[in-house]
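Common to both upcoming complexes is subunit A, partnered first by subunit B, then by subunit C.
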Partner chain A sequence: MGFNKTRLLRVLLALFFIFTLNFLIPRMMPGDPLVFLMGEDVVLDPGAMDELRVEMGLDQPLWRQYIRYWGRIVTLDFGYSYHYNQKVSALILSRIPWTLGLMLPVILLGGILGMVTGTLSGWKGDSRLNRGFTTLNLVIYSTPPYFLALACLYVFSVRLELFPLKGFMDSGTLPDILHHYFLPVLVLTAFFASRNFLLMRGSVRQEKKKWYVLRARSMGIHGPRLVFGHVFVNAALPMVTMIALDFGFLFSGALLVEIVFSMNGMGILIYEAVLSRDYPLLQGIFLVITLMVVLANLAAEICYHRLDPRLRIQ
Partner chain B sequence: MKAQKRKTRGAFLMLAWLLVAVFAGMIAPHDPSRRFEPYSPPGSRHLLGTNDMGYDILSELIMGTRISLLVGLATAAVATLVGLAAGLAAGYSGRFLDEILTGLIDVFLMIPRIPMLILLSAFMQPGALTLSILLGLLWWPPIARIVRSATLQEKKAAFVESAVCLGFSRPRILLGEILPNIMPVVKAKFLMTFASAMIAEASISFLGLGNPLLRSWGRMLYTAFNKGGLIHGMYWWILPPGFCIAAVVVTVMATGMALEETGRSPKREVLRP
Partner chain C sequence: MLVALWAGCARPTENPLPKNRLKIGTVHRVKSRNILFDKALGVFINLSHPHLFALDPDGEIRGLLSDDYRVSEDFTRWTFRVRDHYFWSDGLPVTASDVTFSVKYVGRHVPSRRWMERSLVRTEVLDPKTAVLVFDQPRTNMDIEFTSFPIIPRHVWENIPRPRFYSENRQFIGCGPFIIAGMDLNAGVIRLRKNSYWKGPRPALEEVEIHMYHNLDVLSLALERGDIDTCYKYADTYPYTSAQRLAETGRFTIKKTRTTGLTFIGFNLKRAPGNQLGFRRAVARALDYREIQKLITSGYGDPPGAGFVPRGMPYFLELEKPTRDPGEAERLLEACGYRDSDGDGIRENADGKPLKLVLLSTTRHHRMSELVAEYLGGVGVEVELRIVESATWVAMKDEYDYHLTITRTTPWGMRMHAGYGTGYFDARRTGEGVLHTVSDPAFLGICDSLLAVRDPKKKKSLARALQQYYARNLPAVALVQRVIVTPTNVRFTGWYHDPLFGIFNLQNFLTVRPAHGIQ
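Then we have the complex of A and B:
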C-alpha cells in the first residue's frame, strides 16, 4: 500500500492507549467499580451484587481483568446496558446509521463549499465583501453548533412553523424525511464549511506567495485554471488529514445537534446514557467513536499517499 | 483592517469581558441566588425575565461570564504549559526523545476530545477547576506540535549557535534565546485554546454534565432547552446565553488570528484551533 509505517504504528498505539484508558477509568475512580460498570440506576441486593462482581471478574487481579477486557473488545463485545436491557453493541448498531446519514451530506457539502469559498477568499485581495464573508465564517465557527441549531429551531420551527419540531420523520416518505433533515443538515453544513473555509483561506494565502504560482503565471496560466488547477490542489492536500481528524469533532457536533432536534440517533443515546448514568453504554459509545475516528485517520493516510505524487518518490 | 489594528481592538474587547467577569457581582442587577416569580417575561424589573426557578436571567448571564472565562483561561494555561514543555523538549533534544514525544502528540491528537470529555465528566462530575485541568490535558497536543516545529526552525538560527558556542546552559538557551522568539506563536495558540475550551465547556454543560451549581452559559442553555424555554417561545431565555458564548469566543479567536498574522508563524502550519 505504500504508506508511512511509523504512522500506522502510531494509529495502532493510539487505539491501544485509548482502549486501555477506557479500561482504567471505571476501575480507578473513587467508589465501587461495580457501580461504574453497571450504571447508577441499577439497584440490587448485596448477594446479587457479589455474584455479579464475580461474574464480571472484579474479584480478580487487575491484569487478569485487563486480558479479559481485551478478549471482549476483540470479539466486539462492548458490554451490556442494564438500563436498556440490551447489548451495548446492538443499541449502538441500531442508532449509528441515522447519525452517519446525517453526517454524510454534511461532510460532502460542507467540505466542498468551505474549501471552494475558502480558496476564493484566500486568493482574492482584501475587499469589503471578502472581509465580511470571512467575519461571517468566523462568527459561525465560534458559535456552538447546538446553539445555532436551537436558534434555527426557534426561528424556523417554533415561530415560522416552516419545519417540523423534532425527529427524523413522521410518515416516512422521502419528502417527509428530507423535510426533517433539512435544518440539522443546514446547521451542521454551515458549521463544518466555516471551519474548512478558515483553514483553506489560511492555506491558500500561504501558497499564493510561492514560486510555482509565479512560474505558472509566466507560462500564461491564469484565472480559474491557475487558482483551481494549481493553487487549490497544493493547498487542499494537507486538508485531507485535517478532515479526517475533524471527523471526531464533527461527530461531536452532530451528537449535540441531534439532541436539539430530538433525532433518535447516537446523540440522544448519549444524552439518555448521561441522564441515567448508564456507564457501560457511555463507554461503548466512546469506543465506537474512537474506532471510527482512528479508521478515518487511517483512510486519510492512505488517500494522502495516493493523492500526493511527491510522497511516492521517497 | 490591518492585523495590528485588529489585535489592539481584540485586546481591548477581551479586557472589557475580563472586567465584566471581575466585577460581575456589582454589575448584576439582582442577587443571582434570590428567587422571584418564575417564568416572568422581560420587563422593567427583570430586563431578561426570570427562569423556571425564578432567578433573574440577566444577573445569571452576567455571573456566567466568570465561569466561561475562568475555565477558558485555566485550560489555556494548563495546555500551554504542557504544550510548551513537550514542544521545546521535542524540538531541541535529540532524535530519540523527539520521536517519542511526536508519537505521543500524534496519539493524543487522535483522541476524540469531546466524547472523551463526556465520558470523564460522567464519571467524575468535575467542578470548574477539575474540568479545566481535564480540558488542558486534552488540548495540549496542537500547542506542542506548533512549538516543536517553531523550535526546530529557531534551533538552526545563528544566534542559537552562538549561544551554544558561548557555552550557555540548555535551560538558558531554551528559555532565554528560543522561547522569546517563539512567543508570538505561543500567544496565538493560547488564545485559540482559550476559545475552544469555552466552547467545550458550554457543550459539556449543555449535556447537563459537570457541577450543577455552576450556572455557566452552557448550563443556562441546558435548563432553557429542557424546562420548556424553547417550546414556550421564551427567546429571552434561550438566545442571550448563546449569543454571549459566541461573542466571547469570536473576540478571543479573532484576536488570536490577528496575532497569528502579525507574529512569525512556522511554515506550512495552518490555523488549527
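Then we have the complex of A and C:
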C-alpha cells in the first residue's frame, strides 16, 4: 500500500499539533466558562467562583492543564462536562449513534445518487431533460439547508401532516424512529446528492474529452462499460476527497438541520459546547472530529491508490 | 431505502389527545437529568418542588410551601412554618428538617447559591413544621430569595455526596401537585403526572407535557398544527409578529402580560464619554422611544419612565417619561465639548478626534442596536456596532471594553441584590448579566440602606430615592418595558401568570382547566 514510516510520522505529528490546538482554541476564546454556570440574573459570590475554579481545575497554570489534558487523551477520559453534568465520554457516546443514524444514510445515498446521476448527466449531451435536471440540482444546492429543511417541514409536516415536527423519536420503536428520521434524511440527502451531482457532472464532462476515452471506443468498449468502467473511475477521484471530507465532518455537518428538526445530535452538542465554553466537552468533541478527519483522509488515500494505478507505480 | 420510505409515509396510529393533558412547547433546552444543576429544569420543577413563597400579580410575597414566617428585629433570625398538607410523592410529609437541609445542602453544592451557606450561622428545627435559619448579618429579603430557592427531600438527597452528577429518578420525588414521571431528552419531552400525595386543591389537568424545540419557527408551526397548546420562555415573549397569525386561526387566545423586564442602554461609567452626565442625558434625548416601541415590540412594549424601575415593581415612582429631542441632545453634546468642527457630520472631542463609540450587544438585541446607532448618528455620534454572542459579551463588559451596551433585565434580576435593578449596577458585584458600573457612594449607600430595612415606609422612601437617583444620574437608559405575549389554545382556560415565572408557576397549573364545550 505504500504506507511507510514517514507517512505514519506525518500522521502522528499532525495529530499532536491538532490536539494541541484543540486544547488552546477553547481557552483562547473570550469568556469565562464558569460565569455561564451561574445563570443570567445572578449576582456572583467571588468566593464561590474561586472554589468552582479549583473544582474544575481551572485555577492551575496553563501548562499544568495541558499536561493533564494529554493524560486525559491517553486514558480517553475527558472528565465531566460543565453544563451537561455527566462524563464527556458517556455524553459523546450517547449522541454518536443518533447522528450516525442521520448522517450515514445521507452520505451513502447522497454519494451514490449524486455520482450516478452526475455521471449520466455529464456523459449525455445537452437535452431539455438534462438541463432541467441540472437546474433542479443547482437550485437545491444553492438553497441553504436550514431553509430547505423549514420548507420541507412546512409542506410535509404542517400541511400534509405526514411527519413529526421534532426529535429523534416519540415511542422509541423502530418504525417510530425511522418516521422521525425520514424528513431530515431526505433534506440532507437532496443537498448532498445535488452537490455530488454537480461535481461529478463537471468531472465527467472533463474526462470524456480525454484521449483514453477515444482509445477505449476504438477498442470497441462502449455503453455502460465505457461510462462506469473507465470514465466514472477517473472522474470519481475528486469525489473521493469530497466524500472523505463528508465522513470527516460527519458529526458536525448536520447542525442546522438538527436545529430545525430539534434533534439532540452531535451538531447541537458542539454548538452548545462552543457557546457555553464547556472546555472538557469541546476537547472531547474535537478529539472525535480530529480522529474522524485523519481516518477519513487515510481512507481517501487508500481509495486513491486503488482507483489510480499511477499512484501505485510511484 | 424502501423501509425508510414506508416508515416515512406510514403515520403511527395516534390516540386522540386527552382533554386534560396540557402540552407546553419551549425553546429552553434541558441538558441533563439534574434538577439542581440544569437551569431549564430548575424552572420546570416549579410544579414538583414548590418554593417557600411566590409573588402575586402585584409583586407581593404570598405563602406557598410555607404559610407563615417571622423575622427577628435584627433580621438575622428567620423562622418559617411549613404547611401541613404538603407531602413528598413517596408519601412522607414535608418537614422543617427538609427546609434546613435544603438550605445547607443546596448552599454547599450549587455555586449560584453558595452565598447562602457562607452567611448561614446555624439552623434549628423547633418542631416538625417549624424551621429557623440564623444568619451572620442582617438579611432583610430572605422572603424574596425563597421565591426561587429549591426545597428538596432530605431523605432522598442526604446520601448523595456529588449532586452535580446525580441523574437517578429518585431526584424527581417532589411535593407539588405534579411530579416528573419521565424525561426523554432524545424525544425532547418531559412528562409530568399528578402527585397522588398532593392534598391541596385538585388540579383539573391529568398530565402536563413539556416539549423542547430548538428554534422558535418550528415551535410556532407546532402551535399552529396543534401539537402543543401554549409556549413558554423564561422572561421572554412569544414573537409578537407570529402572535397575530395564531390569533387569526381562532384557536388561540393571546394573553399580554406586562413584565418588569426592561431592555436598556448601559453606559461604561469608567471612561469618557460615558462618565459625563451631559453625554448620558444627550443619549437619552436622542432616542425615539415611540419608534422603538413600534419597530422592536410591534407596539406591545411600554415606553419606560426616567426612573429605570418599571411599572409593576413595588413603590414604582411615576417620573416624566423621556422624550426625543435631537436639538436638546445636540446642545448637551456641545456643552460637553463635542463639536463638529470640520463639518463632516461627526462630532470631535477636545483632542480633535472623531467621537466614535463602541456599542456592544448580543445578537438578541441586534435590531435595537442598529436603531440606537441610527439615532446617535443623527446627532453626530458615530457608533461602531459590536454584535457578539453571549460569552464574548460577558467577557467584554467585564473588561469594560465598550462605551455603550444594550442588554436586558429579567423580573428576577430586577429583584436581586437590593432590588430595583441595583444588582445590575452595583460595582461591588459581578455576574453574567451584571454591568457593575456604579461606584458612586450615594448609590451604594441607598443599596446598603435598602438591604438593611424591611419597614415598608422606609423601604418606600429608599425605593423612591433610588428611582430619583436613576433619573438624575442616568447610569442606564431604559428603552422599552417588555410585554410578554403568550398564545394559549382555546381548549384550555383559567391561565394565571406570576411576575417571576410567567405561566410556569404552581398556581397556574391548579387553575388551568379544559374549556367547556371546546374539543
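Details
The rule is simple: the second predicted complex is superposed on the first by the 237 of 314 C-alpha atoms of A that agree within 3 Å, B and C clash if a C-alpha of one lies under 4 Å from a C-alpha of the other, contacts with A are read in each partner's own complex, and residues count from 1 in each chain.
Following the convention adopted for this analysis, contacts are C-beta pairs under 8 Å (C-beta built on N, C-alpha and C of every residue); 3 or more make two chains touch, one makes a residue touch a chain.
Here the structure is a predicted model, which is why all the values come from computation and not from measurement.
Of the two partner chains placed by the overlay, neither subunit B nor subunit C lies in contact with A:F19. By the touch criterion defined above, A:Y66 reaches neither subunit B nor subunit C. Of the two partner chains, neither subunit B nor subunit C is touched by A:F228.
Contacts of A:V158 after superposition on the shared chain: both subunit B and subunit C are touched.
When the shared chain is aligned, subunit B comes close enough to touch A:L245, but subunit C does not.
Using the contact criterion defined above for the overlaid structures, shared-chain residue A:V260 touches subunit B and also reaches subunit C. Look at A:Y279: by the touch rule set out above, it reaches subunit B but stays clear of subunit C. Residue contacts after overlaying the shared chain place A:L138 against subunit B, while subunit C stays out of touching range.
Of the two partner chains, subunit B and subunit C are each touched by A:M29.
In the superposition on chain A, the residues of subunit A contacted by subunit B and by subunit C overlap at 29, 36, 150, 153-154, 158, 259-260, 275, 277.
Interface of subunit A with subunit C (complex): residues 29-32, 34-49, 51-52, 80, 83-86, 98, 105, 109, 150, 153-154, 157-158, 161-163, 165-172, 174-176, 178-179, 181-183, 185-186, 258-264, 268, 272, 275-277.
Taken together, the subunit B residues at the contact with subunit A in this complex read 1, 103, 106-107, 109-116, 118-120, 122-124, 195, 199, 202-203, 206-209, 218, 221, 225, 230-231, 233, 235, 238-239, 242, 245-246, 249-250, 253-254, 257, 267-268, 270-272.
Put simply, subunit A touches subunit B in their complex at residues 6-7, 10-11, 13-14, 17-18, 22, 25-26, 29, 36, 131, 138-139, 141-144, 146-147, 150-151, 153-154, 158-159, 198-199, 202-203, 206, 238, 242, 245, 248-249, 251-252, 255-256, 259-260, 270-271, 273-275, 277, 279, 282-283, 285-286, 289-290, 293-294, 297.
Residues of subunit C that touch subunit A in their complex: 1, 3-5, 7-12, 29, 31-32, 34, 37-39, 111-112, 114-115, 118, 164-165, 167, 184-189, 211-215, 217-218, 221-222, 224-225, 227, 235, 389-392, 394-396, 398, 409-410, 412-413, 416-417, 423, 426, 429-434.
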